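Okay, structure first, notes after.
First chain written, first letter: the chains are A, B and C, and each begins at residue 1.
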Amino acid sequence: MIDVINSAAQKPSVGVAQVIRRTSPRKRLLGWIRAVAIIVVTLVMVFPLFWMLLASFKQNVDITNPDVFFFAPTVQNYINVLFANNFLRYGFNSLVIAAAATLIALIIGLPAAYAVSKYKMKSVSGFILLARVIPGISLLIPWYYIFAQIGLVGSFRALIITHIFVSLPLIVAIMSSFFEGMSTELEEAGQIDGLTVAGTFLRITLRLAIPGVATSAILSFIFSWNNFLFALILSGKNTTTLPAALYQFISYLGVDWGGLMAASVVITVPVMIVTIFLQKYIVAGLTAGATKG
Amino acid sequence: MKEITRRQSLIKIAAAATCSMFLLAGCSGNTDGGDAGSIEGTKINVNLAAGGWTNTVEKLLPEFESKTGVKVSLNVLGTEQLDNQYQVKLNSRSEDLDVMVYRPSQSTKLFADNGWLEDISDRVSGDEAWKWTDFSESSRAATTVDAHAFGVPLMTERDIIFYNKEMFAAKGIAIPKTMDELEAVAKALTDTTSGTYGVVMRGKANAAVTSFSSFLYSFGADWITKDGDSGIGTAEAAAAYQYYGDLVRNYGPPGATSLDGTEARGIFQQGKAAMYIDADSGAGLIEDATQSSVAGKVGYAAFPAGPAGAKPYDVTSWAAGVSAYSKNKDASWEFIKWATSSEVLNAAMSDQSSPSPRISSWADSAVTANYPEELVKIFSTYSSTAVGHDRPQVIQVNKARDIVGAPITVALEGGDVTAAAKQASNSFTEFLKTDK
Amino acid sequence: MALQLSDKSISTKAKLEGWVDRNLKFIFTLPALLLVLALIIYPLIYTIQLALTDASRSTTRAKNFIGLENFVTLLHDTERFWPAVGRTVYFTGAGLIIETVCALGLALLLRKAFRGQGIVRTAILLPLVATPVAVGMMWMLIFQPSIGFANVFIEWFGIPAQGWLSDPGQTLNTLIFIDVWQWTPMMALILLAGLASIPEEPEEAALVDGASWLQRHIYVTIPMLKPAIFAAILLRAIDSLKTFDILYATKGAGGGSNHEAETLNVLAYSYSFDYQDYGIASAVLILFLILICGAVALVTVASKAGAK
């Protein structure tokens, strides 16, 4: 799968202008239409986020004024978010939880994904998918009860465990299809050389699967970073994550739109930076489960 | 399956046993009397809603911590998230909750009925200097069930008219004193071509129940009759629904059925509505120039009189109580005592425009100097006429709000109000049978 | 292998390795299965248990076992339950159809390499990675009828202001728009990868035969893309049925004055956290779970039938 993507990207890319130069007027027109369509779609996707960015530099009185592009920009919202509202701390919490949950979900999920693909264990992958199917609301009170009984409420451990629950089905789904698509030649060679199956997995297969592992890790990180429901209930004062902290900008008297938008930007930017640098891997990960019939 | 169920109930019994042990420990701790020395070094978790009073508490907290040696962890949340946390945590009998800031009109009965709030009757009456009787009678009633006090009020609010002085002056219009005048003024100040409206109020069914309640009372009805039956099936109630719906539909902005308090106020803050009828606690935001383009141009007037006179609500919107499962009840009480002291409540009122439940705050010129003068006057006139609740006083309040709020939606959409009110009244009667 | 090479005295290490290899299936999958089981079994039993009682106000107080009464009540409830089922199906169905069509168009648009494709692909990924709660808040601001940008924008084209989320008739469609905005990119990327993996020969043959652009795509390309389309739909259907963050952020519990945005997930939330009627809320959750499993089965069966 990854290879497919890479090779697609490595094909000599033909610029729009080049296409136009050596084609008929009709095709040339189609080429321009295509270029315009691509630009429009990109704008539609990006504009609302740009709007959020713009609002985060406004005072509330300007946000509630529909005369939109002329206003005195302020960074006060960011100062509030980062210092008065302690968002650096929440960001640290989110980072620790998402990173730990992803790491552990990989340690548990990679062997499972490997077994699922090697031994065609459809029922196992179906059961793990159940974690994705069950409505989150039905989990809240029972989970809280369990974690309260074992004294884990408000701890990093409780949040990490629940976020593994989010990450695990994702990793198993992506990686099992990734392993299935991999060539078995090197594995067989490894076994002929006297390696056990487990040894082959650890020394050969995993090493070859690094691009897939990177992809699923990034996705698992993003989904964990964005999770709201579990963090709302299970986090404590010292473990509040960014999405749960967002609601501090909705007071009983009203919504601090500027603060809310600035906070939303602060939450979204780290994930976006990850996306921009690792775009290739994410695309491969998202599509890994899909292309084999 | 059976095996697991059995094991699970074993877990539950064990858990219940553990919890009751802690409860007993807590109780026996209480009988020693709240000796301030013994609470030093304890840590308490305080859940509270973002907004006015909370800002003051956050600011002044170091004072309390250094005075008592109690370490306080403030967990600030949105209103609904706060409710969610209480339900999850208290249904699990969690001990990691000590002080609960909650909405008494919404939750006192439910929490007391579930045994989630500690009975603090002895504590509130035990401290002369702190002075429980300084809290207005209606605010004390709001946190009391069957003569047992479950919380201490920390903020009150009253239904008033906010009006845009410039718009009134431009047309030389006087402030409405009756329902008829209110409608006439709203009509005169509505100009749909320029997008300004005579009046903006809540329209989202559930949220609108509170702002509608003053109309209901002033038309001579109440949610529940003295005999405990549904009060919304009467002709007076139907007239109130009709009036409210007509007023908002004809002289308010479009899309009314989705307006909650915040959104309605937003429209007034942009100078798009001449009047906004809602709780006086919103004054702080309306007068804040970074939030509102009508800051400094706003007047305040008392709620107009209906067929049964002027009967606006005057309610306690927030209170603080001690969780029944808390292991640190003494320290929690010390915190509540401090956070509802004259000093803190006065500071909240003068810095954050958070209306104090203490009568003495309103008589203190140092406190009211920073507070709109008209609101102080309204406060004094309301004490004799106002009604102490703004929603049905039942256990499952939100369920009741949805039932009694349904005719508001019908009225706003111009439907058959009488039929809707009758239907809602029947459902409400059914509901009241179960709500005991 | 290691076992055969060793002497009669098989070392314990080799013994262990042999045992590990024979049971690898279980050793590799057990931790994952146990984790999911541990986190899911208690909530599942708890929910089923509650659904058979009249639990209300608090889950810990005395409650009566009432058998299937909650389910009977729900299945007869044409005021809240069935409309919520309808909205759930409509929201997911309409959303999925629009997303599939848009994603297909987008994938075909971006199929051939072009200069700047890295930037474009990153840009269209942004809605997908943006935090859903934040996205909900952002759209709420944009769609505010009096202060939002949506009405400013359409007025540039002479269209009168709309109610969007505040108009009960438009709410669900506005929410579908938001859903389409957020998730079309993901489906498009899956389809893009699908396009990259299908062989080029059949298309070229059709081109030689003089088939038009439309004919080529309808009869050649899209049929070959079917597995990818079904996979994308399955992936999206589960999450779409379970949509909560955006509905909650924009319309709150109950889904508005006329319950216009109340899907099954929101209904379960309302019964549980708004009304404190835990028994019936649990019954809703179980019926909801059955619906999701049914949808998963349906898509799986359809994709198998489609693949033949």
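Here is the rule we use: a residue touches a chain if its C-beta (ideal position, glycine included) is under 8 Å from a C-beta of that chain, and two chains touch if they have at least 3 such contacts.
Just so we're clear, the structure is a prediction, and the values are computed from it rather than from any experiment.
Chemist: Compute the centre of every chain as the mean of its C-alpha atoms, then state which one is farthest from the centre of subunit C.
Modeler: Computed centres place B farthest from subunit C.
Chemist: Between A-C and A-B, which chain pair is linked by the larger number of C-beta contacts?
Modeler: Answer to which pair has more contacts is A-C.
Chemist: How many angstrom between the C-alpha centroids of subunit C and subunit B?
Modeler: 37
Chemist: Counting in whole Å, what is the centre-to-centre distance of subunit A and subunit C, each centre being its mean C-alpha position?
Modeler: 15
Chemist: If you average the Cα atoms of subunit A and of subunit B to get two centres, how far apart are those centres in Å?
Modeler: 39
Chemist: Hey, what residues on subunit C touch two or more of the other chains?
Modeler: Residues 42, 46, 59, 146-147, 272, 278 of subunit C each touch two or more of the other chains.
Chemist: Subunit A: which residues touch two or more other chains?
Modeler: Subunit A, residues with two or more chain partners: 64-65, 141, 145.
Chemist: I need the residues of subunit B touching at least two other chains; which ones are they?
Modeler: 84, 87, 91, 93, 266, 270
Chemist: So in the complex, which bits of subunit C are touching subunit B?
Modeler: Interface residues on the subunit C side: 41-42, 45-46, 49, 56-61, 144-147, 161, 163, 165-168, 252-254, 256-258, 272-278.
Chemist: In the complex, go through subunit A and note every residue touching subunit C.
Modeler: Touching subunit C from subunit A are residues 1, 4-5, 8-9, 11-17, 34-35, 37-38, 41-42, 44-46, 48-49, 51-52, 55, 63-66, 68, 108-109, 111-112, 114-116, 119, 121, 124, 127-128, 130-139, 141-143, 145-146, 161-162, 164-165, 168-169, 172, 191, 194, 196-199, 222, 225-226, 228-229, 242-243, 246, 257, 260-261, 263-264, 267-268, 271-272, 274-276, 279, 282-284, 286-287, 289-293.
Chemist: Spell out the part of subunit B that touches subunit A in their complex, as residue ranges.
Modeler: 11, 15, 45, 49-52, 54, 73-79, 81, 84-85, 87-89, 91-96, 262, 265-266, 269-270, 281-282, 284-285, 289-293, 317-318
Chemist: Quick one: in the complex, what on subunit C touches subunit A?
Modeler: 1-2, 5, 17-18, 20-21, 24-25, 27-29, 31-33, 35-37, 39-40, 42-44, 46-47, 59, 106, 109-110, 112-115, 117-118, 120-127, 129-134, 137-139, 141-142, 146-149, 151-152, 181, 185-186, 189-190, 192-194, 196-197, 227-228, 231-232, 235, 238, 242, 244-245, 265, 268-269, 272, 278, 282, 285, 288-289, 292-293, 296, 307
Chemist: Which residues of subunit A touch subunit B in the complex?
Modeler: 59-61, 64-65, 140-141, 144-145, 148-149, 153-154, 232-233, 236-237, 244, 247-255
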